[in-house]
Each structure stands twice: as C-alpha cells, then as structure tokens.
Amino acid sequence: MQISLTQADLISIFPDAKVEGQSDRTATGIASLREAQAGDLTFLGNMKYRGEVEQTKATYVLLPPDYEGAPSAGQVYLRVERPSLALSLLCRRIEAMLWPKLPAGVHDTAVIDAGADVSPEAYVGPFCVVQKGAVLSAGCVLHGQNFIGRDVKLGQDCLLMPGAKIMDFCELGNRVRLHSGVVVGSEGFGYETNAGVHEPVPQIGNVVIEDDVDVGTNTTIDRARFNQTRVGRGTKIDNLVQVGHNVTVGRGCLLCAQVGVSGSAVIEDYAVLGGQVGIVGHLRIGKGAQIGAQSGVNHSLPAGQVVRGTPARAYMLEQRLEVLKSRLPELFKRVGSLEETIKRLSGEIEK
Amino acid sequence: MQISLTQADLISIFPDAKVEGQSDRTATGIASLREAQAGDLTFLGNMKYRGEVEQTKATYVLLPPDYEGAPSAGQVYLRVERPSLALSLLCRRIEAMLWPKLPAGVHDTAVIDAGADVSPEAYVGPFCVVQKGAVLSAGCVLHGQNFIGRDVKLGQDCLLMPGAKIMDFCELGNRVRLHSGVVVGSEGFGYETNAGVHEPVPQIGNVVIEDDVDVGTNTTIDRARFNQTRVGRGTKIDNLVQVGHNVTVGRGCLLCAQVGVSGSAVIEDYAVLGGQVGIVGHLRIGKGAQIGAQSGVNHSLPAGQVVRGTPARAYMLEQRLEVLKSRLPELFKRVGSLEETIKRLSGEIEK
Amino acid sequence: MQISLTQADLISIFPDAKVEGQSDRTATGIASLREAQAGDLTFLGNMKYRGEVEQTKATYVLLPPDYEGAPSAGQVYLRVERPSLALSLLCRRIEAMLWPKLPAGVHDTAVIDAGADVSPEAYVGPFCVVQKGAVLSAGCVLHGQNFIGRDVKLGQDCLLMPGAKIMDFCELGNRVRLHSGVVVGSEGFGYETNAGVHEPVPQIGNVVIEDDVDVGTNTTIDRARFNQTRVGRGTKIDNLVQVGHNVTVGRGCLLCAQVGVSGSAVIEDYAVLGGQVGIVGHLRIGKGAQIGAQSGVNHSLPAGQVVRGTPARAYMLEQRLEVLKSRLPELFKRVGSLEETIKRLSGEIEK
C-alpha cells in the first residue's frame, strides 16, 4: 500500500468531517485502532471498541460525532456520521489511485489474429495472444500474458489479470474479472472406459460467464460436454476452485477457496459454499443454501438449507453429533457400568 | 459450441439412419430430450426416458428403430441401431471440426534454443520457450506460452495447452496431453530441519509420464528426490491435483480434481481416487482400489478395496458407522433411560 | 536425472572414503539399496537395512566403516563416516551441476519498463514483464514468462520459476523462491453484500514475504485489505496452497500441499500444517502447533498443540474417538442386549 495523504487531502475527501487537532504527517497506512502506528489512519467502526481510541498510536482517527474525547498532541480526529462508510469511501479512492484504469491500446508484443475484433477502447498487454474470431469489447483490459482462444467473446469492461486464459468458444458478459492463472474452458474430465482404456468423451460445449462475475486466482472452469458450463450474474469465486463440466452456478453465489464442484451439479442462486467444500456430481444445491467449510455434499439440498460435515448434515444436527462423538468415552463407560450393575442385580434376583 | 449441421449433413454422417420428417433448420446444438430447444439435436439413449420424446422441442432426434411414435411438424427422427453410439460418433466429428489439428511450424515469437531438437512436424505457438537439449517429436503441439526446460523429451503427438510447463530433464511418452497451467517437474517439497532452519533437500530426480496420460488444468507433478516421479500409461488426472515427489502412479488410474498424493506413495494400476482425496506419503494403494471423494487415506490399501471417509474405512463399514453416528442422540437417550430403570429396580430389590 | 560420475569423480568428491573394488561404469543414478540397478549409486543410511547390501545391484555403495562385507565383482564400496551425510553432499554437488546459476542479463524478448530498477547482476528470462518502479536486486533470477507488477521489490538472490507472478506493491526479502504458477498479491476475496449484490471491498494492502521463504507451484497468496499479508522468514509452502488476505504466517512454518488459510488468520512460528488442512478465518494457531492432514480447524490453538480431524481435536482424543466410532456397532448391540435383560428382570421382579 503506497498511500500518502496529507491532512488537507483527507479534509478534501471528507468535506463534512468535523476536524480536531492538526498534523504535518502524511497518512501512509490504514490499520485497526490497536495495530495502528504513527502515520496511520484508523477508525472507530463499532462503539464497543471505543476504549481503544485513547490508546491508539494512529495520527488520523475517523470517529462518530458522539465519541467523547479529544486528540492527543499531533493527532487528528475526523468526526463523520458513519466512520465505516467513510473508511470504505476512502479505500475506494485509494484503490482508484493505486490502480488507475489502463489506457486503451495494444502492446507491441501482443499477437492478435487478423480475424479478431479488438475494440479500440480495449487494452491488450504484453505477450497476449488473441486468436481468430475473438471479440474484445470496449473497456476490456488484458494485463499481459493472457491467452484468448478462437471465437471467445468478452463483453464490456472485462478485466483479465496476468496469465488468465480463456479457451475457444467461451463467452464472458460485462465486467467479468478473471484473476491470474484462471483457466476458463479447459476440457471437461470425461472418459468412457473400454477394456481398461479410458477414451476421452468429446467435450464440445463451452463456458458462459455472466455479468459481474469474479473468478479467483488459478481457479479452473471446465467446458461442457454439450451446451454450457454456466456461472450466473454477480457470482464470486475465490482462488483454486474447480468447477466441473456442465455445472450450472446461479446468480449471486459465493464459492470460497479450493471448493470443488463435480460435473453437472447445479448450484442455485445465492448459495454459499465455504472453503474446500466438495459437491458430488449431478446434485442440486437449493437457492440460498449454505455449506460449511470442508463439507462433502453427497445429496441434493433444498433451498435455504444450512449444512456441514462429511457427509453433510443439517448444521445443528452435525454440531450435536460432534458433541456426542466427543462424549463417546463417557458413553462406553456408562454402558460398561450398566452391564456390571445388571450382572449384580441378576445375581441378587436369582438368589 | 459453434456447430451448424443441415439435415443433409446429418444424413451423410448417419448413412444408415431411417429418416422421418423434414426440416430446413440447421442443428446448432446438442441437448438432452428435456433441455433441447428448436434447432437442437437430441437422442434417446435409454428407453426409460422414452416418455420425454414426445415433449422434446429438439428439431433432430436420434432414436432406436423400435421407438413407437412419429415426429411433429418440422421435426426429424433419425432412427439408428444405437443412438448413444451414434451421438458419440457425431460428437467426435464435431470435435474434429471445432479443433482441427494445428499445422506444423514454429511461431515467429517462440524462443527455441539452437540446441533443441524440434521436429519439423511439430507446432510451437506464440511465446513458447524451448530450452537446450529439449526434444519435441513429430505431431507435438504447443499451443502457446509453454515452457519446455532443458533436456525435456516429448514423444509423438503430445499436446500442451496454453501455459503448460515442463521443467528440466522430464520425459513424456506419446500422446500425453497437458492442460493449461500444468507444471510437470517442479521441485519436490523436502526439507531437513537443523536448529529451526529448513534446508531444502536436493531434488535431483525427474518426472516420467508414460503414453496417453492426460493431466488436468493447473495440476502439479513434482520431480523426485532421486530417480523418478512416474505416471503410468493411460492414467487420467483431473484439475488442481497435487502429485508429490517420488510418487508412482500406475496405469489406467483416475485421479479426480483436487486430489493430493503425498511423497513416495504408490498408486497401483486402475485405482480410482475421488475428488479431494488425500493420500499420506509412502503408502501403497492396491490395484483397482476405489477411494471415495474427500477421503483421507492413512494406511495402505489392498488391491480392489473400496473405501471412504477420514480416516478411510471400508465403504460399507463407514456407511454403517455414519448411520450409527446419526443415531447417537437416540443411543444417549436409551442409555439414560436404562440408567433410570436400573436405579428404580435396584431400589425395589433393596426393599 | 542426467548424472554421470566415474569412480574417479566419486573419489574426488569423497576424498576420505576408503575404497574397495573397482568399476569402469559411470554412476548414472541414485537409488535405494533395494531399487538400485547396475550403474546406480546407493547407500546404507540405517544399519537396519544392512541385510539389503549384499543383494543390491548398485555399482557404487556408500557404507559406514564398520559394515562387514565385501563388494561383488564390478562393484565398489566407498566407506565413509556418515553415508547419509555423504549422500546429501553428493546430491548438492549434483544439484549444482544440473542447475548452474544462470548468468546475469536480460533476454531480448523481456519487456522492462524504463522506470524499473533491474540490477546488472540479475537474470531476466524470455517473455518476462517488469513494470514501473519494480526493483530486482543482485542475483535475482526470473526464469521466463514472469510478471512483476508496479513497485514490486525483490531482495537479493530471489528465484522465480517460469510463470511465477507478483502483483503490484508486493515485497520479497532475500533468497525467496517462487515456483511456477505462483501468484503473490492477487486480490483478497472480500465483498459487502447489499440487496443481493456482492460489492468488492477494496483490497489496498500488499503481500510481504520475508527471507528464505519457498512458495510451491500454483500457490496463491492474496494481498491484504489494509496493510499486509505476511509470510515469515524461512517458512516453506508447498503446491496449490491458498493463503487468504491479511493472513500472517510466522517464521519457519511448514504448509503442506493444498492447505487453505482463510483471511486474517495468524499462524505463529514453526507451526506445521499437513496437506489439505483448512483454517477458518481470524483464528490464531499457536507457535509450533501441528495440524494433521485434512484437518478442519475452527478454533484457535495454543502453542504446541497437536490436533487432527474435522472439527480438529487434540490428536490423542481424536484417535480415541475414531476407535470408539469404529466400535459403535458393538455398542448399539450391547445397549440392545441391556434393554432386553432389563425388560426380563423387570418382569421377574413384578412377579
């Protein structure tokens, strides 16, 4: 983070802030109240941390109007209605400063097929390959070392980080972001086995990614056997995720890191899959279902269900079962003790 | 999928088909009976779905000779002996049309060391690097942005998708396919720890991949400490798999996505590892063993064993244990109730 | 492994060895006593394998001085104080021969921004991109196809294998090694959801990697929301690992393949995470904690704790619980039998 904001800069960003104190230091970092050092900006986002404000070493502190206290020497209080929102606004400003949109144009070293259609408003970085029939719409940015296969279509304002790749015939909507090392449209894993030989089943479909999808670093999305593997609008996928062939992911889903979704599964809208979750092929995960990290889901889930565990069970049930599992040593003892008592009682009765 | 097949094209592909009906539409997609739209081709592969044929919106329908029914207006029935086989044949045709073999030659931008031996019948795409002593045999295709280290040997007709990489001294047989982002021959993870310092143990072996192996996107196969990490003939590896140093994978194995095989493990021929399976180092997984998804295998398995769970147990046992785990609440209640009864009985006996 | 060492070479490497026997063969491989073939060098590292020495087919055998026996015809015994150490020394020699340090210089095809600072003692390979403000210190080696973003700082003697990438503003210490496909500084996975729309939370921090860290193939390390994601000195990370935003990994840790560490977790010094382990966000894993493969850790761990399982429990407890889980069928039977006995006893008492 290479930020450098003077008190005047901060005042111009927060024109409505009530300012107390004065500093000549530039803010060069952002940190929590507790971790901030001199030169940092911090914020009181939740009143339960108000006790930490007095101790903070931060130079600049975003505070709500009703916080009681005063800055120490060389410290500046900026009182704003909603400090968290103000911080968020500030971060967006900083983000825009740190990563200004790249200007349109094609780097000298890029290899663009004559039959590709690259918008004059797109940026194509060094060592990119854009093949025949590919379409890059206005505002697309290919950072470098990207591979765009034949007849691939990119909507407006797509962003490909270095080394992201899209195989032939795949389609991206608008504002899709592929992080580094992502591969969209790799061959699905399908074989027919005859006499011990695994023959690849042709995978002649493609991948369609709708608007506003983010795909995390080194994630792989395989193309369909027929038709489409599809990722719905606004879905966000983390790093190192595997999306198998013919999978349909709905809108607004969240797939955390290292999730694996097997072929032909359907993930309905707004489902949330925790890290390292595995979904068996051909299942249907209902709308808004929530799946705890590392769960292994081997049956379809109705809408809204919350599960965890391998095999995945209803969240509260699995919690309870794990507690009972912890009590197995006790249970074995109790049963042993019952057996002894019964033996004794039987003896007494027989007498 | 960018297919376009007229009725005449289909008839030429299926010369033995009995044709009923007529359409001027070109088939532009393939879909299941239920999902097909006008313009699609579909098929009845299993008679249990015969009820769906009448409802399908597909324009072209592959059907067995004995299906009773007639096409609707503008629909075409193509009766063939085995619709599934016919479909498979069609898909192979389409695949060959969509991905024609690239012509031999070296792209202007590729960097080929003078000491490399590239067959005039190989294709080397843009931004490839081929280092000294590397051998690319006839029919090899490097799609682009590939890295071929020193003294790497590729047999005939190997296919490297964009960005696949092979490190120094590794060897591929014939018809090996590496998907995008694959890294073969990365350094094995081995350290000797002295006084808290982890010193890398030299990893001076290589990786040998036999004929007809497929390696999925972003999968990593580490080179051996000594000798070889080896993947046997006809084995198919899915995406994001980790194969550790000195591992031996036999012939005809299937490793599904996100599997991790730790160092020096031996996976014998025809073993099947489900998605996200983990294998502890130095184990031996017997021939034809089948390991359920997400299992964690911490002991060697005899040939043919079917296991699941973490720790992995025999499949039927683990199923049963999971059912019993689900019944723990009931068991705790039963034991509690027994304890009360016993207490009461003891009281009565003492009276 | 392309080694070729004559008996004379070996004697020059081990000048203190006592040599018995003679061979004209060059040693072309290294293997265990049992696996070695003619032409291989082997070693007796542990006296419990002494029985295998007589059977070994190796041409050269490293042995301790007190081993009793004599070489067969054409075989050479090299007696040294500590055969394992001698082997290790030999491997380092071979490693240095196989991978000589690349000479300094910038490949013609590399794209270096005029505002980057590349040491004349660094090597920058083909198709690398080095952006404005980046600093490559003396001894750095970029093997090829690497991407170095703006203002990235690399200390001395860093090694980037082909295709490793570092995003803007990240910093590496000295002797950091990034294997192929590694991405350092990708965007953290953070969203704020408003009315079903996931808005990316700006991730304006960076990644800092300290001295002597190794990062395995295709591993991803996300940049922080604010401040830094940090990997401490001497930590070694295996392949396909995910390190989330704002994570702090201490010094000397080992993260095995396919581990996932969620955002803001803290892994203290010398912790060891087995393969496929998952760590929930915001946890603290104490110094020297050891986490068994595939464990799912959902609570912070004190220093030195050894755990396994999902959810992770103390190692011995989890072992015991798994044994008891295996005995559930027996327990259910015992409880059923108790119930019958009680029923019978109750009947007798009532009589």
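Going by the order they are written in, the chains are A, B and C; count residues from 1 in each one.
Going forward, contacts are C-beta pairs under 8 Å (C-beta built on N, C-alpha and C of every residue); 3 or more make two chains touch, one makes a residue touch a chain.
What you are looking at is a predicted structure, and each value in this text was computed from that prediction instead of being measured.
Compute the rotation angle for the C-alpha superposition of subunit A onto subunit B, expressed as a multiple of 5 degrees.
120
At the subunit A/subunit C interface, shared numbers over all numbers used: above half (same) or below half (different)?
On the two sides of the subunit C and subunit A interface, the residue numbers are mostly different, under half being shared.
Quick one: subunit A and subunit C, Cα centre-to-centre, how many Å?
Each chain reduced to its C-alpha mean, subunit A and subunit C end up 25 Å apart.
Specify, in ascending order, the residues of subunit C that touch 2 or more different other chains.
109, 127, 145, 163, 181, 218, 240, 258, 276, 310, 325, 331, 335, 338, 342, 345, 349
Residues of subunit C touching subunit B in their complex?
Touch list, subunit C to subunit B: 1-3, 29-31, 35, 88, 91-92, 94-95, 98-99, 107, 109, 125-127, 143-145, 161-163, 179-181, 214, 216-218, 234, 236, 238-240, 252, 254, 256-258, 270, 275-276, 293-294, 309-310, 322, 325-326, 328-329, 331-332, 335, 338-339, 342, 345-346, 349.
Touching residues of subunit A toward subunit B in the complex: what are they?
Its residues touching subunit B are 109, 111, 127, 129, 145, 147, 151, 163, 165, 167-169, 181, 183, 186-187, 189, 191-192, 196-198, 200-206, 218, 220, 222, 224, 226-227, 240, 242, 244, 258, 260, 262, 276, 278, 280, 296, 298, 310-311, 313, 317, 320-321, 324-325, 327, 331, 334-335, 338, 341-342, 345, 348-349.
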